[in-house]
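To start, the structure under review is shown below, and the notes come after it.
For clarity, chains are labelled A, B, C and D in written order, and residue numbers in each chain start from 1.
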Amino acid sequence: MGQQSQTNIVQELPTILGVIGLFIIASLYWTEPGWEGALVIRNATTLSLPFATIITVGLLIRRHARNIIRREETTPYDAITIGSAVLIVLLGLVGGMADPTMAALYANVNVIGTMAVISAISISVFSPMIRIYRAKTPIMGFLILLSILALFTYTPIGEMIHPAIPRLGDFVQIWISGASDSAFWISTYIGAVALITRMILLKERLRP
Amino acid sequence: MNIKWKDTRLIYLVIFLVIFGTSLTPITLPLPVVQWSKEFYKVIDEGVTVSVNPDNPRHFAGVKEGTRVMILNSGETAKLWGDMSEAVKAVWTDLRRRGAHILLWSSSVDNQAILDKYLIPYFYGLDPQSHSDYGVSFVDLGFVAGGNALLEQWRTSLRAITPVDRYGNSLADIPMMQNFDAMRIDCDLIIGLDARGLESIYVIRYNTPVLEMGGTDSAGYLALSYTAGYFQGMIMGQRGGAEYEFLSGIPGRASAYMLNSMAIALIVTVAIVVGNIQYLMSRRET
Amino acid sequence: MTMNQLVLQALVRVDVLGVFIAFFLVLLGASFTLRGVSLRSIPTVEASLEAVRACSEKGNPLLFDTGWTGANFWGHSSGLTTLCFVPATLELLRAISRESGKLGVRVITGTTNAVYALMSHDFMQRGFAESGHPERFIPTDIRFYPDNTALNLSDVEMAHRLPFGAAVMVGGHNQTSNVVIYEALATEGAMIVAGEIWPNDNSMAALAADYMSFSEENIAIGSYLSDDPVPKAILAGEDIIKVFLIAIVIIGGILAGAGVW
Amino acid sequence: MSSPIEPLMPYLNTFVFFAAYSVLYKDNPMYRFVQSLVVGIGAGFLFMAQIDQIVRILVPSLPQPHAVIALVMGVAFFCIFIPGLINIYRAASILVMTVGIGIVLPYGVAITWTATLGYSQRLFTGLGPFVAGICYALGMSYFLFTGRLEKPTAPLRTLGRVVLLVYTAMCISMTALGKLNLIQWKVLDALWGIPSTWFIPVGIFVLILIDAFVYPFLGVKKAKEVESEA
């Protein structure tokens, strides 16, 4: 029995230490200039983040390398992924972070590719709006009207029809959507405190 | 030919064609200035008093020569640049015109890369470090990892954890940084680029004036921060850029985006209305 | 030294500190007094396991995508919510892995957070072990991407290539980019279960998902999956705080309007 | 100093942007090429940026205690590759996560309290603040968990759901409009940028038309099809 409870404590040790550390760091919110020990832990954690990212980038490359070794169907694309990653690393090792070729490739491929995906959201939103946005219930009808109000408020259409339209849209956005946004976030913040309470009682674990 | 009107590819195609068509002849259209944009400009121009922490209200007198402004490029600027470009340019131009001291931090590599490509060369040339403004009225910390943890540390001392700028120059040796270290008192105005959390770090405790810039829809998730009174003003999207150009008198290209938005909005609205009429009629028949 | 530091500390926003402590005391009290209280249902809990069964019937893999969920270190407070999703999503991953192990479904995960990717490994492995089929755990199916766009592009590509039988998208996507993945999944006929952190991501889920739960409901998923009455009692305790806040707005508003407060 | 490949970049830039869109037509090698390139270049750059963080910020901060501990934690992360030392990695990763929660946890409480007070104090100062206060209260009521409360508060929860859906309806339109600007930004760049690159999206479009109506060559076989053929 004694051995079992000892084992349990050992198993829970990461969560216990995590909760203690969490409250020590949280105390910094209310104190000026802050506890020396807590500041050191916080800043040490901040500076340690690059190592975790380096490892996971390594794991990403390893996954693609394995695909090539196993001659998976995706092999040519895995080769492109690894090849481009290695190229960038080589450029960086030789020319440093200021290497213009590395910066040019990153800005013109990764950053622009990123923006392309994000801009595709627009089409991905308009498509279901056109296909499946139907007033199946009165509430749904009301929401469709609001979506159209937003389209009219944030383009010149509303102003061209009547100045009251963008004013109404602005009102709904600021006061109703704003309050709704508050309810979303603040309920989540309360959920976060509840989560920590569960962690204190060892009801949520950070390892299985 | 049997055209399936609900084929997603057809919808995609129509949207693309309209964007291309409207881009060929950009026309300036009338726009009302929304409340949060008016307030944004008013803070820059006239200032504001912040009293979220009732113990020590803080008065900011607007951006003047030497006003210390920190720009936190810490949201999704890279992803949203096409929707923020003109607004950020207009505001940056205004800040320089008024003689502000600008300190820039990027929270991610892509955020740094997008400003490097589309904004910094516009104001400071291809080698910003050699520009006469550098170190005098502009300093770039570059990408520094750490997000909230950095902002927490920086409120008492920037140099304690970030001793150098992006080029490796010691911050202690840079003239502009001599009185720019404890951000809770040394920073007169914070402008977030699609940044969140600034209210809980700086406004609630220190009443630092905070303005926010984002994409058109960033207002969705920033609504709490504005409605609850933490952000003193917001500029959202290319539309916000057009509003700022109008308010400040700085010429720009933002209003050219409105024709495209209007055309698509009209088409989508018509499609939704027609689709719903069809739906209601078919339901009545059954 | 500690005493010296204690003396030298100035306290900021003591009122918020008081509320912080009060919230904990209420929730701790609730953990004892509200045990056995019944909770309303959250649709995505059951639907997530249903998604595994759907994949089993179709013979396709399941996508478990948590996006940005994890140790989030950029400059904003939404980091709090993405962090607080960690235990819930890991528990859900374990439950899904357990079910998938039994039914022989392959689970492919996607995340953009390095530390979270490493933690997923433990929970997924345990889930498959609990199913009695540890050999069905494929470590390389835990996919880390350097940013959300890489994750998006890859999810869309996999949605078309594999394709997925179902997707459980519980976590943090960004800039509403989840809708791009939803469109690809919908094109291939995958079942979509969504529980997004951010309100605007929720909006996209409302547009496209078969089952969805709103923001905070997702943090509670771990408690719903557990047989333990204590986590459920704490959830019930949250209601006391929410009713208190609602009362502050209404009663406090009336008092402030009357000039009493 | 500019790169020797800089003159090619406008073309690559436009190709990447519009090739990413070709997946909307169907899965194809062009999209997968771009996807692989974006992932690879992103990974490589992220790797180098982290090395830069270590060299530029961590190393000059040595031997300050926070830098030394950061270095030790960095080594601890690598224990993930050594099964016998896996708990050292776990300790480091849990520390990172709990420190992260410790930093942001007070934010939530601070906003909860100050925002609620704000809604309350402003409730009768105008129509907007009144509507906001009531909608905030209704929205919160949606998130009540207890079954016991569910029944008597059902109408309130229903109204709360409507309030949340109002946000959703507005957000959907604003999102679509905002992201539309991103497309136009790139289209304007392709049309009026120097050099002009509009022929790249047009070329991709022609390829798609040929594939759709003349000769299908943009297909990528799905894994299932390959399996069934085998």
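Rule of thumb we're sticking to: contacts are C-beta pairs under 8 Å (C-beta built on N, C-alpha and C of every residue); 3 or more make two chains touch, one makes a residue touch a chain.
What you are looking at is a predicted structure, and each value in this text was computed from that prediction instead of being measured.
Trainee: Suppose chain centres are the mean of their C-alpha atoms. Which chain sits farthest from chain C?
Mentor: So the farthest one, by centre of C-alpha atoms, is B.
Trainee: Across the interfaces B-D and A-D, which one involves more C-beta pairs in contact?
Mentor: A-D
Trainee: Quick one: chain B and chain D, Cα centre-to-centre, how many Å?
Mentor: Taking the mean C-alpha position of each chain, the two centres sit 17 Å apart.
Trainee: Centroid from C-alpha atoms only, then distance chain A to chain D, rounded to Å. What do you get?
Mentor: Taking the average C-alpha coordinate of chain A and of chain D, the gap between them is 6 Å.
Trainee: Can you check how far apart chain B and chain C are, centre to centre, with Cα atoms defining each centre and the answer in Å?
Mentor: Those two chain centres are 29 Å apart.
Trainee: With centres defined as the mean C-alpha position, give me the chain A-chain C separation in Å.
Mentor: Their C-alpha centroids are separated by 12 Å.
Trainee: Counting only residues that touch at least 2 other chains, which ones in chain C make the list?
Mentor: 12-13, 16, 20, 23, 72-73, 77-80, 83-84, 86, 115, 118-119, 122, 145-147, 149, 153, 175-176, 183, 199-200, 202-204, 207, 214, 216, 220, 235, 238, 242, 245
Trainee: For chain D, write out the residues touching at least two other chains, lowest number first.
Mentor: Counting only residues that touch two or more other chains, chain D contributes 2, 20-21, 24, 32, 34-35, 38-39, 42-43, 45-46, 49-50, 53, 57, 61, 66, 80, 90, 93, 96-97, 99-101, 103-112, 114-116, 119, 132-133, 136, 140, 142-143, 164-165, 167-168, 170-172, 174-180, 182-183, 186, 223.
Trainee: Find every residue in chain A that makes contact with two or more other chains and list them.
Mentor: Touching at least two other chains: 28-30, 32-34, 39, 42-43, 45-47, 49-50, 52-53, 55, 57, 60, 103, 106-107, 110, 113-115, 117-123, 125-127, 129, 144, 147-148, 151, 154-155, 173-175, 177-182, 184-190, 192-193, 196, 206-207.
Trainee: So that we know how the chains sit together, what is the shape of their touch graph: line, ring, star, complete or other?
Mentor: Shape of the chain contacts: complete, all pairs touching.
Trainee: Which part of chain C faces chain B closely enough to touch in the complex?
Mentor: Per the touch definition, chain C meets chain B at residues 12-13, 16, 72-79, 147, 149, 174-176, 183, 187, 198-200, 203.
Trainee: Report the residues of chain B in contact with chain C in the complex, numbered from low to high.
Mentor: Interface residues on chain B, with respect to chain C: 8, 53, 72, 74-76, 79-80, 107-108, 110, 145-151, 195-200, 204-205, 215, 217, 220-221.
Trainee: Over in the complex, which chain D residues touch chain A? Could you list them?
Mentor: 1-6, 9-10, 12-13, 16-18, 20-21, 24, 32-54, 57-58, 61, 65-71, 73-75, 77-78, 80, 90-103, 105-112, 115-116, 119, 128-129, 131-136, 138-140, 142-143, 160, 162-180, 182-183, 186, 223, 226
Trainee: Flag every residue of chain D that touches chain C in the complex, lowest number first.
Mentor: Against chain C, chain D makes touches at 20, 23, 26-27, 31-32, 34-35, 38-39, 42-43, 46, 80, 89-90, 93, 96-97, 100-101, 103-114, 116-117, 119-124, 133, 136-137, 140-150, 164-165, 167-168, 171-172, 175, 179, 220, 222-224.
Trainee: What residues of chain C sit close enough to touch chain A in their complex?
Mentor: Listed in rising order, the residues are 1, 5, 8-14, 16-17, 20, 23-24, 27-28, 31, 73, 78, 80-81, 83-84, 86-88, 90, 94, 114-115, 117-119, 122-123, 125-127, 140, 143-147, 149, 152-153, 175-177, 179-180, 182-183, 197, 199, 202, 204, 207-208, 214-216, 219-220, 222-223, 226, 228, 230-231, 234-235, 237-238, 241-242, 245.
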